[in-house]
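Got a structure for you, written out below as structure tokens; questions coming shortly.
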Amino acid sequence: MSRIDARLADLGIVLPEPPQPVATYVPFTNHNGLVTISGQLPLQTGKLFAVGKLGAEIDVDTGRFAARLCLINLLAQLRVACDGDLDRVTGVLRLGGFIASAPDFTEQAAVMNGASDLAVEVFGEIGRHARSTIGVAALPLGAAVEVEGLFAIT
Amino acid sequence: MSRIDARLADLGIVLPEPPQPVATYVPFTNHNGLVTISGQLPLQTGKLFAVGKLGAEIDVDTGRFAARLCLINLLAQLRVACDGDLDRVTGVLRLGGFIASAPDFTEQAAVMNGASDLAVEVFGEIGRHARSTIGVAALPLGAAVEVEGLFAIT
Amino acid sequence: MSRIDARLADLGIVLPEPPQPVATYVPFTNHNGLVTISGQLPLQTGKLFAVGKLGAEIDVDTGRFAARLCLINLLAQLRVACDGDLDRVTGVLRLGGFIASAPDFTEQAAVMNGASDLAVEVFGEIGRHARSTIGVAALPLGAAVEVEGLFAIT
């Protein structure tokens, strides 16, 4: 068992089968070890965990867990990009957080911490990433959160 | 005629003169073959094809065609980045789709497929890209769609 | 004094202590000289300069100055990434501009010019960058503008 797989097991996280895109794009590209992963929704066993907007139907704690699920789905894609060996990850370079927001919602950062915290729990120091978090008008399928990622692998 | 130019001709696509930014930024940067192209609007012969929001004035089919136009404008910029030879493209690494959306619109993915499908029609397997699609509150000039791209060239 | 520091002094700009993230992410990552900097808010001496939305409480001139402040904060982070020597910057590859917008606001480009113009004033030709500018529903802490950046350094 790889070091990161052991860490995931410690955290009680089972990576899902990575969600497949429903169109002509792919889950990730790899350019000389720079892995760009498509925006992931908070899918859990094939269903969206959180539909709606922060500041309306969705509260911050629910949004934070949705962001964590997005990160889990990113990790599932990343494991495929690493041919199954997450120990090949050398850096989480950037996470982009898109938070479906009612016009007066301003706690996007607290929501996105659900993804950021897990990245550091899983990868330690190399999990510390640059990030941009914004509040968007709406997301595909009505999802509350979407997270994209840029990773370095060997 | 290059292979990709022939493919474009097969598809009946004539790349326009690439739209020029109206400010101090540039259409693209090239860092060791990593080409970042500025967000492109659905300009057609100098005019915006679609002004308004999905879920309001603009329907999904119109939005999808607008996304296709954005991709055509990305290709026009990319050709310049390749000194005219699109056969130098080795990968479409990422497309970012910004869909101006009424608050309850959730079909952003279907709209963005207008760009993604064309990327694959033009480039085949190397046209398969990572992508993030979000619904935004508003876009420059009131455009319905904006698409940015990251490409690898030799 | 480095060339860029001298240029900043000419422009009357004093880079602040770089703002620290309030969560588990970091201000920037550096992957083989590719520096990704987290989205920066228009913080000035620790306070948000502009809270609200363009097209509502915030006018274009105020938004443009807010975008300029975001760029100053990006430069403060970038200087740390360069171990204090901004002359190591070889390119501003991309700026991403997020403009908190009322639904009918369409002048996002004019706002974002506050960041783009300063990048060119500071760095000259290598300051010319690709950029994507979008209008978003809401930003962290209610900020009017957020700007992220991708830079190349030696």
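Read from first to last, the chains carry the letters A, B and C; within each, the first residue is number 1.
What we mean here is this: a residue touches a chain if its C-beta (ideal position, glycine included) is under 8 Å from a C-beta of that chain, and two chains touch if they have at least 3 such contacts.
Quantities reported herein were computed from a predicted structural model and do not represent experimental measurements.
Student: For the two copies subunit C and subunit A, is the contact made of the same residues on each side, with over half of the numbers shared, or of different residues?
Tutor: Under half shared, hence different.
Student: To lay subunit A over its twin subunit B by CA atoms, how big a turn is needed, in degrees to the nearest 5?
Tutor: Angle of the fitting rotation, subunit A to subunit B: 120 degrees.
Student: Counting only Cα atoms for the centres, state how far subunit A is from subunit C in Å.
Tutor: Centres of subunit A and subunit C (C-alpha means) sit 25 Å apart.
Student: Could you check subunit C for residues that touch two or more other chains and list them?
Tutor: In subunit C, the residues touching two or more other chains are 100, 136-137.
Student: List the residues on subunit A that touch subunit C in their complex, please.
Tutor: Result: residues 34, 55, 91-95, 100-109, 112-113, 116-117, 119-120, 128-137, 150, 152 of subunit A touch subunit C.
Student: Would you mind writing out the residues of subunit C in touch with subunit A in their complex?
Tutor: Going through subunit C, the ones touching subunit A are 21-29, 31, 36-39, 53, 96, 98, 100, 136-142, 146, 148.
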